[in-house]
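One chain, chain A, links the two complexes that follow: it is found with chain B in the first and with chain C in the second.
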Partner chain A sequence: MKIIMLRFSAALAALLLAACSLTPPAAWQRGNLAQPIMAWNPDGPGAAARDHTYISKEAAAGGASAAGGGCGCR
Partner chain B sequence: MRGWHVFLAGVASLCAPAMALEVGQGAPEFTAERLDAAQPVHLSEQHGRVVLVDFWASWCGPCRQSLPLYQKLRDSLGSRGFSLIAVNVDMRVRDGQRLLQSMQLDALMNAAVQDSDGKIATLFGVQAMPSSYLIDRHGVVRSMHIGFKPSDIGALRASISQLLDEK
Partner chain C sequence: MAIPAACPPAQAEEASDTTPIQADYRYSAYREGSLPADKISNRSGDRYHVDSYQFRLSDTLAGTQDVAADLVVETMGGASPWFITPGVSGKPIQVLSGASIEDRRQALTLSDTRRFGDGTAGVDVNYSHERDYRSAGLGLSGSYDLDHQLDTLSAGLGFTENTLKPTGGDSVRFPDRIAGAHSHEFSAFAGITRVVNVNTQIETSLNYTQQAGYLSDPYKLAYVGGNLLPDQRPDGRRELAWLTRLRYFVPAADAALHLDYRYYADDWDIRAHTVDIAWYQQLPHDWLVVPRVRWYSQSQANFYAPYYLAEPSNYLISSDYRLSPYGALSLGAEASKKFRGWTLSARYENYRSGARYSLHSVDVQNPGLVDFQVFSIALKKEF
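Our next item is the complex of A and B:
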């Protein structure tokens, strides 16, 4: 009985861990990610204006973006 | 105990990445519906011809650049034994059809096939969009190309011509 419980616990733990895993979408599954609404910043010109103001006020630029994302195209 | 091993193997297989096709391997056989809903396309029917299998989507910018150029390749090299199979991976088939119509590429419709569930892309192990695979007359993958820029077309045309000259 103890062994069965142990196995059951291990299987449950494996399933829970699998549920936490994050499988990135395949290259051909990125259609929804490529939609404009999924853009990190959907308002390009507005963001550029805000960046310009920020850079002028802070006398510093960069550090506001991250690599990656997009539709998976090269 | 054997069941336990099977369970662990199953969990491991969920984590395994799709196997990518490599140069020198035989191209996997597939059958796909055409975008114009006519006769399905079988890769095996193209045996004896040089085939470019290109994976594209309406949401992929470089794909939009590549399609008109591939159509020109098809026009100029088709009579020498070159075929194009343009595999559309859009989840909604209508998106692919609409793109071809908007780009006035209706002529490409009979070379474009649907892969909305990604089965063919999985068979080929597509890693990025667009990806293309050049297959020789014997069904062997001779080169593959990830991404596209218009300047790539010269090298691609040369590769296709070289394969067309092979017997």
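Our next item is the complex of A and C:
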């Protein structure tokens, strides 16, 4: 698993470097970024359902929002 | 924490261009796999199941105000890990609670996000009710765009109050089980979103959470030197999560790569890594297919053990598999189709956990680790 993680980290670093090497676009060039599939959570209720399952079964929690309503499942 | 109390401002922006009322319905069936006979003392290793029904109504008012109401109703039942005993040669053996747990949960979240010039401000309230657990929360969030919306700063605060009244607490049958308890949770996050190029955007955020009060599991016991004692955890917990998300559009494939990584650390000495990768493939005739893989690995809490030969000097004991060292690999896929203003989708996920998926070596695998499957269907309509 460590080897897999090292390879994944290297690929991720390469992708990020490639992505960051280009010039930021003007407003009229952002059509692709505005597509629904580019949203942070394209399916809000579906993402909420997945997150709820994970936080009830794993120790880790927390994301790009402040914590919300509690649940006896944790 | 079923539904985020403070929605990320970036999500609020996504809906600000749509004026029709949107209604969402989702049904999810969660089914845990049975435990093998060599890991349990019960006759049956059958475990927990949850049926979940989600309803959401959202609208944009005057082009500047996003409002939403989320309702979740869940019914759950089945057996859960109760305690662990040392078996032959010290091998841990799981004892399940028996199929006695039946409950229903209802949760409601109301949210309101408004745009002011280059910024947004949002508030949401939530309430969750179970027979033995009640929770109420408030969330505040805001964002501000910089450099012609190439960068967006966001931040938020959340507060949750929880009341616990365990079934059978302080009874003749369960004299060691508490009658009731409270806990509360404060959280704060701050993040930055950057448009990198015409096809890439990235977001990184820090989330700090502080819990206080009763944080143990009243339904779990721990084997301590031949006795069974109630689960006893610290009455405080500080957590830090660092989440980075990348969205990369691939024009040649008309698809988007979603890559999320989260590092988690808390003062119970748990460290965790989560990698979530999804590929959103758009297809002709308004089809969308989304394969997804998720890997997770955590270290153990500093007071956790599958069982104890003697009581620790700090009296902290827990054999909960969720505090044990392990890893998990999840594979899933979702397909959806749009037609005449409706969107119908179906999702399947298969989650497997064990020492073999852990980043670090695991000396003793907890016998109660969970495998599960989720089947889900969803219907969306714009009016």
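Here is the rule we go by: the second predicted complex is superposed on the first by the 37 of 74 C-alpha atoms of A that agree within 3 Å, B and C clash if a C-alpha of one lies under 4 Å from a C-alpha of the other, contacts with A are read in each partner's own complex, and residues count from 1 in each chain.
One rule holds for everything that comes next: a contact is a pair of C-beta atoms (placed from the backbone, for glycine too) under 8 Å apart; a residue touches a chain by one contact, two chains touch by 3 or more.
In this text, all values refer to a predicted model and were calculated from it rather than measured experimentally.
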| item | value |
| --- | --- |
| Which of chain B and chain C A:E58 touches, first, second, both or neither | second |
| First, second, both or neither for A:M38, with chain B first and chain C second | second |
| Touching partner for A:A48 - first (chain B), second (chain C), both, neither | second |
| Per-residue touch tally on chain A - higher for chain B or for chain C | C |
| Which superposed partner A:W28 touches (first chain B, second chain C, both, neither) | first |
| Residues of chain A that lie at the interface with chain B and also at the interface with chain C | 26-27, 29-30, 32, 35, 71-72, 74 |
| Chain A residues touching chain C - in the complex, by the definition given at the top | 1-2, 5, 8, 12, 15-16, 19-20, 22-27, 29-30, 32-33, 35-46, 48-55, 57-72, 74 |
| Residues of chain C touching chain A in the complex | 1-8, 10-11, 14, 24, 26, 28, 30, 52, 54, 56, 70, 103, 105, 107, 109, 124, 126-128, 130, 132-133, 135-137, 139-141, 148-150, 154, 156-158, 160, 162, 164, 183, 185, 187-189, 191, 195-203, 205, 207, 209, 239-241, 243, 245-249, 251, 255-256, 259, 261-262, 264, 266, 268, 270, 272-275, 280, 282, 288, 296-298, 301, 322-323, 327-328, 334, 345, 347, 349, 351, 356-359, 370, 372, 374, 376, 378 |
| Chain B-touching residues of chain A, taken from the complex the two chains share | 7, 11, 14, 18, 21, 26-32, 34-35, 71-74 |
| Sites on chain B touched by chain A in the complex | 4, 7-8, 11, 14-15, 18, 55, 57-63, 89-91, 95, 115, 118, 121-122, 126-131, 146-147 |
